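What follows is a structure written as structure tokens; I'll ask about it next.
Residue numbering begins at 1 within each chain, and the chains themselves are lettered A, B, C, D and E in the order written.
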Amino acid sequence: MSTTLTPAAAAPADPALRARVHGAMTRRRRLALALPVLLLAYLAYVFVAFDVAGIASRARPENAATLLNDFWSHKTHVTRDNRSDTLQVAIEGENKGTYPDGQTPAWVHTGPTSDGPTADGTTAGGETVIDLPDGSRITYGRDISALIERPDFGTIRVARVGRDITLELPPGAALPDWISASARRVNVTGPGWRFSMTNARTETFRYAPGWELFFFTLESPFAGRSLPDLVALALWEPRLDPARPNLAGMADDFWNNRMWRHGDVVWALGETVLMAFLGTMGAGLIALPLAFLAASNFAPARLIRLALRRMFDFFRGVDGLIWTVILSRAFGPGPMTGALAILMTDTGTFGKTFSEALENIDTRQVEGVGATGANALQRARFGVMPQVAPVILSQLLYYLESNTRSATVIGALVGGGIGLLLTQAINTQKDWEEVCYYIVLIVGMVMAMDSLSGWLRRRFIKG
Amino acid sequence: MVDAPASLHAPADYAALMRRKRLYSGVIVVIFVALMASGFRLADARNAGGFIDGIGHVFDFPAEILSEALRDWRNLPGFLLEFLPSLIETLNIAAVSTLFGTLAAGVMALFSTRGLALWPRLVPVVRRAMDVMRAIPEIVVALVLIYLLGTGPVPAMIAITLHSTGALGKLFSEAAENADLKPAEGLASTGASWLQRMWFGIVPQVAPNWSSYALLRFEINIRASAILGFVGSGGIGYDLKTALQWGQGKYDEVVAIFVLLFLTISIVDALSDRARARLVRGGQPA
Amino acid sequence: EGITEFNIGILGGENAQDRLTSYSCLQTYAEEELGVPVKLFAPADYDGVIQGLLGGTLDMAWLGASGYAKVYLTDPDAVTPVLVKANLDGSYVYYSIGMARKDSGIESLEDARGKVFGFGDPNSTSGYLIPSVEIPKLLGMPMEEFFGEVKFTGGHEQTIVAVANGDIDAGVTWADGQGAWEDGYNSGALRKAVDAGLVDMNDMVEIWKSKPIPEGPVVLRNDLPEDIKTRMTALVEGLKARDAECAYGVAAGDTAGFVPITHDYYESIIEVRRQKSN
Amino acid sequence: MELHVRKVSKVFGTKAAVDNVSFSLREGGFVGVIGRSGAGKSTLLRMLNRLTDASSGQILVDGTDILALSGRAKRDWQSRCAMVFQQFNLVPRLDVTANVLHGLLGRRATLPTLLNLWSGADIDRALSILERLGIAHEATKRAEDLSGGQQQRVAIARALMQDPALILADEPIASLDPMNAQIVMDTLKRIQTEDGRMVIANLHTLDTARRYCDRVIGMRDGRVVFDGTPEQLTLGVARDIYGADATFSESATSTDIGALSTDRDYAAAMLDD
Amino acid sequence: MELHVRKVSKVFGTKAAVDNVSFSLREGGFVGVIGRSGAGKSTLLRMLNRLTDASSGQILVDGTDILALSGRAKRDWQSRCAMVFQQFNLVPRLDVTANVLHGLLGRRATLPTLLNLWSGADIDRALSILERLGIAHEATKRAEDLSGGQQQRVAIARALMQDPALILADEPIASLDPMNAQIVMDTLKRIQTEDGRMVIANLHTLDTARRYCDRVIGMRDGRVVFDGTPEQLTLGVARDIYGADATFSESATSTDIGALSTDRDYAAAMLDD
């Protein structure tokens, strides 16, 4: 290792210089410290203004749990109407997910035909026994009552007496926090299930993972079959429905699945892309000639140029969503209105960017073409267009992608597209698995548009 | 677009080449026109009102709003003041999410730029993550977050931040790809850590570009935060929606809010246009 | 002079596709009846339908009473109410219901002083208009002064969920006022929320109930040819008799069918709304 | 072709870029215009081609004042008077042949040209011109993919495509390296001698002017200060044109005048090592 | 300091840029590495500084294999082994003092450096180094506003700031004009003799190597083909290093070897005029 060191850190000879450098360094240091401090001060202000502290109290982690749970699971309702004494088993409690008469999932045992064991060994007529995932079992009695057997707790009896709902706990047990009871209603919650009884009905919800009935609803002959089974059906097994081949039947039942409505969803996606496409390209077509009038090097008059510029600013400044509202009077709900709203905003955007592109062209090319005696049209075609075409194309494609995203939102207002399905599913706050499905589709759609526009850009601009 | 032979054997070759090019362009134009025409017809058919019938009535609604606002013009100044706090909230949402988005995007960009990334293996992962952040519409995130966090500005802020991060990250990383690696290499040779290399070697180079993009984002985010208000997340967009939905009798409020919002956007737009022009042209004082 | 197509607007509230599905039978009948294509539209908020009616792009819709008032105030000549949905007992009124969480200690409007109070959509009759007029009268002072904060949640479902979750201390929604509170009444937004498992009625208390509100009317655009109007009115009026299941879907629940109604019935609501305007 | 420039001036704002210039060219030949930066050389050529409008004066070509032409007639003149630029001014994204064909834009009907509909004969001619200039093998490349020297030859090909009576060249070799510069100047010279077309070239260095020109016009501050044969270009005359502060580059040995260069050259030389 | 390079190789793809190189440096001194373009000179220096990872071999510095270091230890070595680049590799937008202070980045805590919190003593030392190199008066200018020669001196100042045992210089004067080149080489030489630091410099021309080095290592195709004193560098040896096709530039008069230059120089000379 070298032993010679740089001359000791003696102060440099020129004190003026030294003062200057130290001064500069101090200033920089102050700046370096002041910026973070200012930033922190602003963030502190926003923290207070946004009541971030309050968020902690308002936030509902249990909602997050519900949401995450519902994203990938579903529940089955086993409902007895206490007035008409009829039993209904329905997935997500929806008409569309109702099991046909006489059919139930394997964990629900009904009627005298069922050989499922009960507390006293047999299933009496009119009784319903529900097996739950944690080993609990609920029995709907013939009279308006229910027995809930929880292995770790004992048997709970809930019954309707007159107009009241009564609760009997196992002897000596205190009311646990997973039971909520009043004279009108009793709620019992267990892992993966929920039970409630009111005057009107007795109901059990059982949760299970997966998007139930995603492929086929219950009325389809293909519902509930395993994949190998389906493959076999599709390829060589005899027709389940003599009227149609199995494969066609599957496609048809999937496409028209009443629960998930894949066909409608695909149309909604298409409608969203349609709005984006019409809006973007229409705006491009309108903006191009206007951009020439608004570019300082092509504008026939300063006044026209200024007027157009302000108009572009205005069209751009009003968001597409607001244009949607404004246009809905004239055009009513529907995809055309959405497309026109996108067109309005983007005409402003394109007008601005295209005219800037025109102002930035290399005049030498135009001059080169002009020097051969070319007329204005020819100069524009050969001197200007080759220069601005790549800019215009890449802008168009870029906005096509970003408008696909906007169109989901605009769609909700004009009653079309995937955005309507999504916002309504979120607002009703129950079909979270559908929300999840739509989000996946939207992200897929936007990313697909992104790749498509990237591919087109590479192909047409570089190539 | 058409692969051409490196050299021509006969003039006929060039003519053939031209014909082929023309054919390709012709086909593309035909496809485009067909798409536009059929798309237009489809949308027109699916719409409640036809394009032709509607076009004459485009101004009916604005006229209705304006005439009422003109009649009640005396209310305007009061409303301007009344809605100022909402406007500030909207601006704050935009500012904070631009700030966080820029910071996060800067970090993600450095992590996702080949040649700069600290862990090159993570480059594709970070890129995908940014793609997804960009692809999810803000409104989706906001609506889900409202469910989780309750209403207020924070869900909107988070939603816009996420989207800004994705969008800026991509642009930032493109700018960083073009950065000159020599200064960073010089720093590496002195034993500087990755953070120091990025901070002194790369960030000063990309700063003008990055801040110009961030300014543009701020502008976009003002609009976005107003729009999120429109779907129920505070700020001036919410006031606008409430007034607009009420309709007749509150159109003066609509106009006041609109004027406020539009002025803000125009001012920020003009300021950032100027600032960006200066940034990109360089010429900053030492 | 005939028409080339007939457009029906459907108000928001639940799953858009479900709504379209429940109306598709009506669509088929209308096509048979009119011999022109019938299209359904289901924008996410009330305003989409209202604008459609005002602009003449929608021919028929079932509006809320307040929505009708808005249309009427904007353009008295745009639409005419023809029918109203009757409840099973033949009445055609419903109520705006104030509610709170049981554990919040709020049992009446008085208790909600200084608390956060939520409304649904500002165009909703029961979700805003009626309570916004009746409540201040009851309290004797403007709501903004009485409550700590007044919020719009965006819709009935959101209000119910917000109250149940404690986001807001109290709020209003609608119900038919028949049956038991524990079930969330027989029909209405509360009942739907209960059925969906969104709220546990054990946790909720009723803190206020409005005077009866007339159900919103089915309206037809005035510019339609007379004979189309008559035929559509007849179709909807006879829907229950013709196809009970379809009527159930269109009416969003049990109904005694649609019965004729006139503009006069809504005068008071229009007056209320007029008062609320600037 | 006879060309008479009569008292032509061009004023930008208050500054006369070209100041009352007159000269006549009677027979063909290679005319060099020299002068330091800002002397008005480019402005003069641009007025000849009508890219810039003159402020006053006349330019008579075979008796017609081309400064008075407009519209169709002006474009006709432009198509007869080709221009070659320092920066080539090609359309970089289009291929070489398309750029050469642009020489015909002033002669063909507008619509077909907009659709790129050229006759086989036109394409043949373009290719044979490219062949003559030795760059036919690049015919399908994009102009921007060529080297500077090749681009300038494409520009000359475009000029030839115009079949012009007069070729104007505005510092055609200023952006080129010495080897390419020589190729381009040789090409121009060959065209002038073989085809008998008149060439007027703004030139950057005295060297080049001496080597290629039959006649040299020296400009200073917009005025013609010299008009004669290259042989008449003495050191004194050069100082008149370039100003007394012009310097000699140090490696100079061959001839005093050849080595004389403007400040700009000197600076450029200092930057290379 | 003792430096033993043992069988070090670097393979890019299938090509060995540095091929089994071994040599030892025991005492300080000025070591020149010469060889034509692509010989592997830069790669060798970059491996010494750990900017490039070696494919195999060892580099022992006072007994430690620096090729095996990583993380903190690797950066410690880098901070002891300064590097000067052909293109200076300064941060152009920052001022001179800040660039010099970067020499301490490896020695100071990260956070304060990121906030530009340098101690007064550090700043003083940077200034005195700048003074020693004669560019203290430019201390507050931006690096990009300096001439090439000045920038290279700033780079050397940054190197000195590292107080390194070893200075590596990769063609430090290849981008400079002759006068600046001389100033920079003199500076490096002075540092080596006055401070007793070891300097290893890739050099472009034999001339320079002969003039400044105590020892010369000649590389060809990644291998060491010569290792000795400048005096042992005969014309034959030079041909070994540069290949038989090396040419002499025409202005050469002083010495045969000094004038020997690689193809690249020749081409560069042709391009300037």
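Operating definition for what follows: a contact is a pair of C-beta atoms (placed from the backbone, for glycine too) under 8 Å apart; a residue touches a chain by one contact, two chains touch by 3 or more.
Chain by chain, the UniProt names read as follows: A, B = Phosphonate transport system permease protein; D, E = Phosphonate transport system ATP-binding protein.
Bear in mind that the values here come from a model prediction, so they are computed numbers and not experimental data.
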item	value
Both-way neighbours, i.e. chains that touch chain B and touch chain A	C, D, E
Geometric centre: closest chain by C-alpha means	B
Angle of rotation relating chain D to chain E [CA atoms, steps of 5 degrees]	170
Chain of greatest Cα-centre distance to chain D	C
Where chain A and chain D are represented by their mean Cα positions, the distance between them in whole Å	64
Chain D and chain E: spacing of chain centres that average the CA atoms, whole Å	48
Euclidean distance of C-alpha centroids - chain B vs chain C, Å	37
Separation of chain C from chain D, taking each centre as the mean of its C-alpha atoms, in whole Å	81
Multi-chain contact sites of chain D, meaning residues that touch two or more partners	none
Multi-chain contact sites of chain C, meaning residues that touch two or more partners	7, 9, 41, 45, 47, 51-52, 55, 57-58, 154, 158, 165, 167
Sequence positions of chain B contacting 2 or more other chains	46-49, 54, 57, 60-61, 150, 231, 244
Contacting residues of chain E [partner chain B, same complex]	49, 51, 75-80, 82-83, 85, 87-95, 102-107, 110, 113-114, 140-142, 155, 158, 162
Complex contact set, residues of chain A against chain C	58, 60, 63, 93, 180-182, 184-185, 187, 194, 196, 198-200, 205, 258, 261, 264, 325, 328-334, 412-415, 420-421, 423-425, 427-431
Residue ranges of chain C in contact with chain B within the complex	7, 9, 39, 41, 45-47, 50-52, 55-58, 70, 73-74, 121-123, 151-154, 158, 162, 165, 167, 273-274, 276-278
Chain E partner contacts - residues on chain A that touch it in the complex	1-7, 9-14, 17-18, 20-22, 24-25, 28-29, 32-33, 36
Residues of chain B defined as touching chain E within the complex	182-183, 185-193, 195-196, 199-201, 204-205, 286
